[in-house]
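Accompanying notes for the structure given below.
Read from first to last, the chains carry the letters A, B, C and D; within each, the first residue is number 1.
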Amino acid sequence: MAPFTWSFRVRYHECDPQGIVFNAHWLAYFDMTMVELLRDALGENAYRDLPDTHRVDFVVGEATVRFRAPARFDERLTLEARVERLGNTAMTTTLRALRAGELLVEGELRHVFVDAKTWRKTPIPAAIRAALEPYATAA
Amino acid sequence: MAPFTWSFRVRYHECDPQGIVFNAHWLAYFDMTMVELLRDALGENAYRDLPDTHRVDFVVGEATVRFRAPARFDERLTLEARVERLGNTAMTTTLRALRAGELLVEGELRHVFVDAKTWRKTPIPAAIRAALEPYATAA
Amino acid sequence: MAPFTWSFRVRYHECDPQGIVFNAHWLAYFDMTMVELLRDALGENAYRDLPDTHRVDFVVGEATVRFRAPARFDERLTLEARVERLGNTAMTTTLRALRAGELLVEGELRHVFVDAKTWRKTPIPAAIRAALEPYATAA
Amino acid sequence: MAPFTWSFRVRYHECDPQGIVFNAHWLAYFDMTMVELLRDALGENAYRDLPDTHRVDFVVGEATVRFRAPARFDERLTLEARVERLGNTAMTTTLRALRAGELLVEGELRHVFVDAKTWRKTPIPAAIRAALEPYATAA
């Protein structure tokens, strides 16, 4: 199954004196990719409306990033995301960043769903689970 | 009268491919300086506690930055701030950034006090005004 | 004459605990707008290639930002830029940020052209001047 | 053996609309910690001078971050770093962030030493290895 993909350009201020995207920005790129995946899965304002619509929020529990090659200012990157695992309260997503087909960076994010009020772990709401399943590897 | 001063080092990720602090970060440095000025004037958690303690927040209405010379990674900068004007609902602060006595960047921030609930302009609370007056140019 | 315009969405990490775009990020938005204006005026990699193609770089000499209303996560902003003045070594650009027609932020940037090697002020190259004139207010 | 430690305050613009440090900033905090560890090990400008002094640079090959509890504006964090492994061309560092003794975030960074000119993997220079060994777990 094809992963979710979207693309954007590297901004000047995301690059450091080595002339390459500073390593921490890749986690921001991953976060932006989750926003777009949720928009694709759940509609226009899905990420913003999680607390109001579903009484949940979701937070990053663990992140891993492997750096293969640097990206530079103004380059167009394509980000791919696959939902690797949809557990009871957590989901794991695999992300890859490519430039013209070359893999630059890859990693995983584990998100935990929490109650929007108490911030305690809470099961993934059924509507969200149903919307995310098409993005899962072994759907 | 001596201005309020504090100092810190330039971080690597604040510098861009030209090897210098990216221009937008200077507004962040100015903001950090206001946090420290309020700490000095009003106590440890003054900035964070504005809404709870004084039922106000303060927001930037206008910012001007003039760039004289660049700053680079790991350099120690000294930031100076003087309260230039304490109006009814607004305050203007003059800021200067120096490296070993050399002026690198200077500018002004105009802050507006707003009600913490409605975000409408509100007069500067008397306790805040009294605490800021010692930092005013013509105090 | 119509100004140069482009648009983009506010990213989550550009917003602060007040839930609004942190003030310093507006200077980054202005910078991104200059990149797009130069792309429009001078071609695909214009900003990146300034040093190689024209032996110049351009740096911000002064920036002013006036904040009218806040922007929030995921909102689509339209940025407008007009070249206000093309001097011998400097250019002044007026920028406005709108959301659905409402003016949120406006400001000016004064850029100075410098020699890419010495970083001394240098006249705006004729090819760049010619390409920017169509974006000037009184062109 | 005690790890290397240093501390700093969370800045306002590092926090997101949830009111907590945005996840990507933790990688920046880790990077800042490596700068301080190298300063401690190799002297004042060690990080900045790696290319000139030792003809090497070092880049992040892999990063992992586990988020236990959030940090908020103005809180004072203590970062600990231990060199876990000093290989031929790579080093692995374990990092922990604490607030008043409570573990908030932990992770690992794998850095690869590269030739400052060619950016190819290169053995860790003997002087750097000697200086880092006291920070290694099993030194």
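Quick note on the criterion: contacts are C-beta pairs under 8 Å (C-beta built on N, C-alpha and C of every residue); 3 or more make two chains touch, one makes a residue touch a chain.
Computed from a predicted structure; not experimentally measured.
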item: Interface with more contacting C-beta pairs, comparing C-D to A-D; value: A-D
item: Relative to subunit C, chain with the most remote C-alpha centre; value: D
item: CA centroid of subunit B to CA centroid of subunit D, Å; value: 29
item: For subunit C paired with subunit D, centre-to-centre distance based on mean C-alpha positions, whole Å; value: 35
item: Computed distance of Cα centres, subunit D from subunit A, in Å; value: 24
item: Residues within subunit B bordering two or more other chains; value: 12-13, 22, 24, 28, 31, 73
item: Subunit A - residues contacting subunit D, complex; value: 18, 22-28, 31, 57, 59-67
item: Subunit D residues within the subunit C interface of the complex; value: 12-13, 15-17, 19, 22, 24, 73
item: Subunit C residues touching subunit A - in the complex, by the definition given at the top; value: 11-13, 28, 31-32, 35, 45, 47-48, 73-74
